[in-house]
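Two complexes follow with chain A in common, the first pairing it with chain B and the second with chain C.
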Partner chain A sequence: MRFFARRLAFYAFAVWVALTLNFLLPRLMPGSPIGGVLQRLSPSQIQANPGIIKTYQALLGGGSGSIWHDYVVYLHRLAHLDFGVSTSNYPSHVSAVIGRVLPYSIFLVGVAFILSFVLGTAIGMVAAWRRGGGFDSVIVPVFMALSAFPAFFTGLVAVYVLGLKLHWFPIQHAYDSGLVPGFNWAFLTSALRHSELPILVIVAAYAGGWVLNMRTVMINTVGEDYVAMAHAKGLRDRRVMTRYAARNAILPPLNGFAAQFAGAVGGLVFIEYVFSYPGAGLTLQQAALGNDYPLTQALLLVFALCVIAANFVMDLLNVLLDPRVRTG
Partner chain B sequence: MTVALSTLPGEAAPVAERPVLEVEELVVEYASRSRTTRAVDGVSLAIAPGEIVGLAGESGCGKSTLGNAIMQVLRPPARIASGRVLFHGEDLVRLSGEQLRRHRWRNVSMVFQSAMNALNPVLRVSDQFVDMMRSHERVSKRDAVGRAGELLELVGIDRRRLRAYPHELSGGMRQRVIIAMALALEPELVIMDEPTTALDVVVQREILQQVRELQRARGFAVLFVTHDLSLLLELAHRVAIMYAGEIVEVAPAAALRDDARHPYTAGLLSSFPPLTGPVERLSGIPGSPPDLAAPPSGCRFHPRCPHCVPGDTALHRRQVAERPVLREVAPGHLVACHLVEEGL
Partner chain C sequence: MSQLQPTIELAPATTPAARTRLRIPGWPALLLRNPKSRAGIVLVGFMVIVALIAPLISVSNPTDFNLLAARQAPSWHHLFGTTDQGSDIFSQVVLGARRSLVLGALAGLLATVLATTLGVLAAYSGGVVDEAVNFLTNVFLVIPTIPLLVVISAYLKSRSMGTMIVVLALTLWAFEARILRGQALSLKNRDFVLAAKVAGESTWRIVFGEIMPNMISRIAAAFVLVFYVSLLVDAGLEFLGLGDTTHVSWGMTLYWAQTNSAVLQGEWWPFLFPGLALVITVLGLTLILAGIDEVSNPRLRDEVRRRGFLRSLVLPVRRAA
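Our next item is the complex of A and B:
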């Protein structure tokens, strides 16, 4: 229990650092934060959005002159999920925009990355167990070749071949136009159908890394004494592989998985761009291009929090799977 | 199974019965692309029911490989190139995967070299008992845990420790846990591969004492592999000395201590001090064990042998050209040495 309290305290601290950096960074820019932002806009843009100066002031905590006062206001507004108004989706609130696009990305990234991890480590496990066998010498190179291409390139090829030429998958958007998002059968099946190709591409691009990672660790684990003893104890081969070898070999890749989540955000922007998938990645790209600072800043904060959350979950999983961590 | 119970180490071995295990002309090779190393080269050895057989030799002489070969847990690139390992007359080398799986631990179990790494670090001790029992017999998890508790108490560990993970136990306790596991299915033979090497001397004593008591009470046979010959002279009924992949001398422990015939055995004996008597200078054995990929010609010990004097003598020609074979010099005492063959 003390262990959990310590971890929890650590993550609370990490969240606070992320929030505070998000508050401080615009203020560390030379000149006034608002001036710095407004300099990047053309005069016509400012004229077209009469509320823009107020919006930025609101976003940055009012500009009362005291940074401490601004900080308290900023935290207070965060607590109410108030990120101001999105300039590129005027007059939508930033929180509404994020609420609309984030579920798609969480679904896409969650399913695709977990699937590539599970598939990759399973293949790596079997390949290492039958090292040099047929499976090892055919399947592993295939996945390595696939992962040698960047995800957006694989994505473009997949869109062209599997979508445009073969018509196996819809090639863009998150659901058929004409449907209204909601919890109904038509929408959910359509959304699922539209996520297939992006998920396939992410798995193709990322599973290879896990195959290689797991295979390497597993080959070392197979040489451990407890695996030899498990064989000697007369356990069935499959049980030795899963419960003795893989159960130990999975720990390092699992820690790598949490670390990779941060990098996943970057990949997400490309994938959503290639598939015109209306998730947080595409929205971030549009917000950045459109100088929508409130939305950009809020999205970056959300990504940071997602990475922290993913690390927290992995940490708990690690504790669950490795008893030696608990006492440490 | 009546013979061995009262036998004390150092006394005569149990009356010859049909052996539990016979190794016949076993050859184990480690093959790599460029060369093949014979770690075990034509070894024959029999173990009677309830007998403690010691296997001693320097590091790299093939003694652990022999233990692993008997247990059939050799890892590639090691493989049995020829020879047989008979358990009650049945050749283990020819068993199918499932037959072998059923044989393991039930008939022959093994206490592994490193107490630190032989237990799965992420499973509770109880799970590692239950796993093994349920792989061999239909037993409820509850009953299996109950039996595991009894076994732990047998080796002097509180049964509440079943819930512990390996890293929560000391080295000595871990090795005791493994010994308890090795006895769980009441096998006829337990292979112990340097079971106490990683432990401090006091714990080592306690564990050996325990092994001896358990062996007397339960009557299983033991193949005890170690580099520590002094320990074997106390513990074993019979001792086999291995050098460069071959057995060079086998004798009852007392005969080996008092009447070692092979120069290598004599060298090992003079490598540790006697506990009583005058202080003597320890001589040891000059040189180091040979490379098994290219073993010396003739007698493999000849480059280090104090009795191998270069010169144009018949003895020296034999020593460098001819491999000596095991010959009986006294009942149950076999030596492979040209000196013995020549009656020197």
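Our next item is the complex of A and C:
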């Protein structure tokens, strides 16, 4: 319980740092970005929404009030999930834009991340079990080579070869043009088809890490006495591999879960850009390019919260899986 | 098996050094003798040479446009083809090597100085200083780097190389600080450190004179790691359009290829060549890193001997971040 409380306090602090960093970044930069935002707003927009300048001043600085006052206003607005209006998607609110794009990203990174974990650890397990065999010598190097490539380069090559030349996959956007997003068969199948290649590329880029981690740890557990004992008991090979050797090897790679996830979330920006996939990553890139600071600020917060949440889930899992953490 | 390992390791760890006499003393010699880092040094060396002689082999001003020669596939006239504006991609890739190498090296240097100073000082001082640095490091580790860098680049008015070097070093130091702190923690209670303390040496002197020389391989590894991560991230940010459009670099060539939908039009050359240049550089640096690890960790050398060089090449010891 003490462990739990300490971790919770740490994550609360991390969230606070992320919030404050978001607040300070535009103020630390030479020249306040508020001018750029106000330039993009037409006089009619300002007239229609008189509070808009104050919102942006609280978000980005440049107001006449003190920085402490701005900070209080900023926190107050965040508490009400008020990130202001997205200047590049006027008149949509930032929260509406994020609500629209986030499901795509969650689906993409969720499916791809779980797939790369399952596939990567399974390959690492078998490779370590039959160390030096054909599987170990061919499949493992292939995944290592793939993970050494920059993800966006793998993505570009995949678009060119698998999409454009072989026509195996649709290569752009999240669904066929002409469809309206909603819970209907035509949209869902189209969305699924369009997510295949991005997911494949993310798995290719990130499974290698799991393969290597699992293989390295499992090579050690394969030599342990309890594995020899399980063999001696006459258990089937497969059972010894999964229940004895792999089960004890899985914890250290799992501990890299949060770091891997942070990497995958960062890589999402590049993958979505390559595939013009309308998720949070592509939106962040476009907002950054279009000086839509309210949107970039909110998205950074969303990304940070996702990674912090992943870390927290990992801690909980660790308590569940590893009794040593519980007893200290 | 695990109990037997120490006795197996001891022999190969000492014999090669005794058998072959060192001609170049110290680190460079060790790295050149390790097959992985030798391969890495060859690849990176190739890129350095390309960067040095770039003005001699680049055809013309690489941003010159010539609409009559636009979108040409590779030929003898344009080795790597031309962009949609008719610029020569070979010249862009060759000159682009300069930015990536200089930026990576300087960002790596700056981040390593930061990480080493903070990590080692924290470990040695212990107490509140250690707690604070460790806390700061952990907070930095849970804030996703790429989105943070995208947002910072968006705020930056000037995206010059100097600015990017500082920004990258400030965002990437935490990964190394944690590892270096761990290493320093294990060294701080060794006898030679205690002896220095008893002899009345100052903290700075103990940290920089006694502890740091003993973790030089980890520090070198940290430098190489940040070197390639930062050049990769910089090219990535440029690819996203967050670079200086007047610059010539691999990332900018990739950016223009993406902006002009080169891939969708079936043009493979505008993204393949700068992409391969990145891959070669990163691969070279990864191999050097693996070599440093092997030289400083005899257990890994053992693995190479057992499994052959080629297999050990494709099984790098550490994964790219």
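Heads up, the rule we're going with is that the second predicted complex is superposed on the first by the 270 of 328 C-alpha atoms of A that agree within 3 Å, B and C clash if a C-alpha of one lies under 4 Å from a C-alpha of the other, contacts with A are read in each partner's own complex, and residues count from 1 in each chain.
The rule is short, and it goes like this: a residue touches a chain if its C-beta (ideal position, glycine included) is under 8 Å from a C-beta of that chain, and two chains touch if they have at least 3 such contacts.
In this text the structure is predicted, and so the values were computed from the model without any measurement.
Peer 1: So if we stack both complexes on chain A, do chain B and chain C clash, or do they fit?
Peer 2: They fit side by side.
Peer 1: By residue count, is chain A touched more by chain B or by chain C?
Peer 2: Of the two chains, more chain A residues are contacted by C.
Peer 1: Touching A:156 in the superposition: chain B (first), chain C (second), both, neither?
Peer 2: The second partner, chain C, only.
Peer 1: Looking at the overlay, what does A:322 touch: chain B (first), chain C (second), both, or neither?
Peer 2: first
Peer 1: Considering only the touch criterion stated at the top, classify A:208 as touching first (chain B), second (chain C), both, or neither.
Peer 2: second
Peer 1: Mind working out whether A:247 is in touch with chain B, chain C, both or neither, as first, second, both or neither?
Peer 2: Only chain B is touched by A:247; chain C is not.
Peer 1: Thinking of the overlay built on chain A, is A:85 touched by chain B (first), by chain C (second), by both, or by neither?
Peer 2: neither
Peer 1: Tell me which partner A:271 touches in the superposition: chain B (first), chain C (second), both or neither.
Peer 2: neither
Peer 1: For A:307 in the superposed arrangement: first (chain B), second (chain C), both or neither?
Peer 2: A:307 contacts chain C only, not chain B.
Peer 1: Determine, under the contact definition given at the top, whether A:109 touches first (chain B), second (chain C), both, or neither.
Peer 2: neither
Peer 1: Quick one: is A:236 in contact with chain B, with chain C, with both, or with neither? Answer first, second, both or neither.
Peer 2: The answer is first: A:236 touches chain B but not chain C.
Peer 1: For the combined overlay, can you note the least CA distance between chain B and chain C, rounded to whole Å?
Peer 2: 7
Peer 1: Go through chain A and flag every residue that touches chain B in one model and chain C in the other.
Peer 2: Looking at chain A, the two contact sets intersect at 223-224.
Peer 1: Where on chain A is chain B touching in the complex?
Peer 2: Touching chain B from chain A are residues 223-226, 228-237, 239, 243-244, 247-248, 251, 321-324, 327.
Peer 1: Can you list the chain A residues touching chain C in their complex?
Peer 2: Checking each residue of chain A against chain C gives 10-11, 13-14, 17-18, 21, 25-26, 29-31, 33, 132, 137, 140-141, 144-145, 147-150, 152-153, 156-157, 159-160, 164, 171-172, 208-209, 212-213, 220, 223-224, 258-259, 262-263, 265-267, 269-270, 273-274, 284-285, 287-289, 291, 293, 296-297, 299-300, 303-304, 306-308, 311.
Peer 1: Which chain C residues qualify as touching chain A in the complex?
Peer 2: Touching chain A: residues 1-2, 135, 138-139, 141-148, 150-157, 232, 235-236, 239-242, 254, 258, 263-264, 266, 268, 271-272, 275, 278-279, 282-283, 286, 307, 311, 314-316, 319-321 of chain C.
Peer 1: So in the complex, the part of chain B that touches chain A is made up of which residues?
Peer 2: Chain B reaches chain A through residues 68, 71, 73, 75, 97, 101-106, 109-110, 112-114, 117-123, 131-132, 135-136, 165, 167-168, 178, 181.
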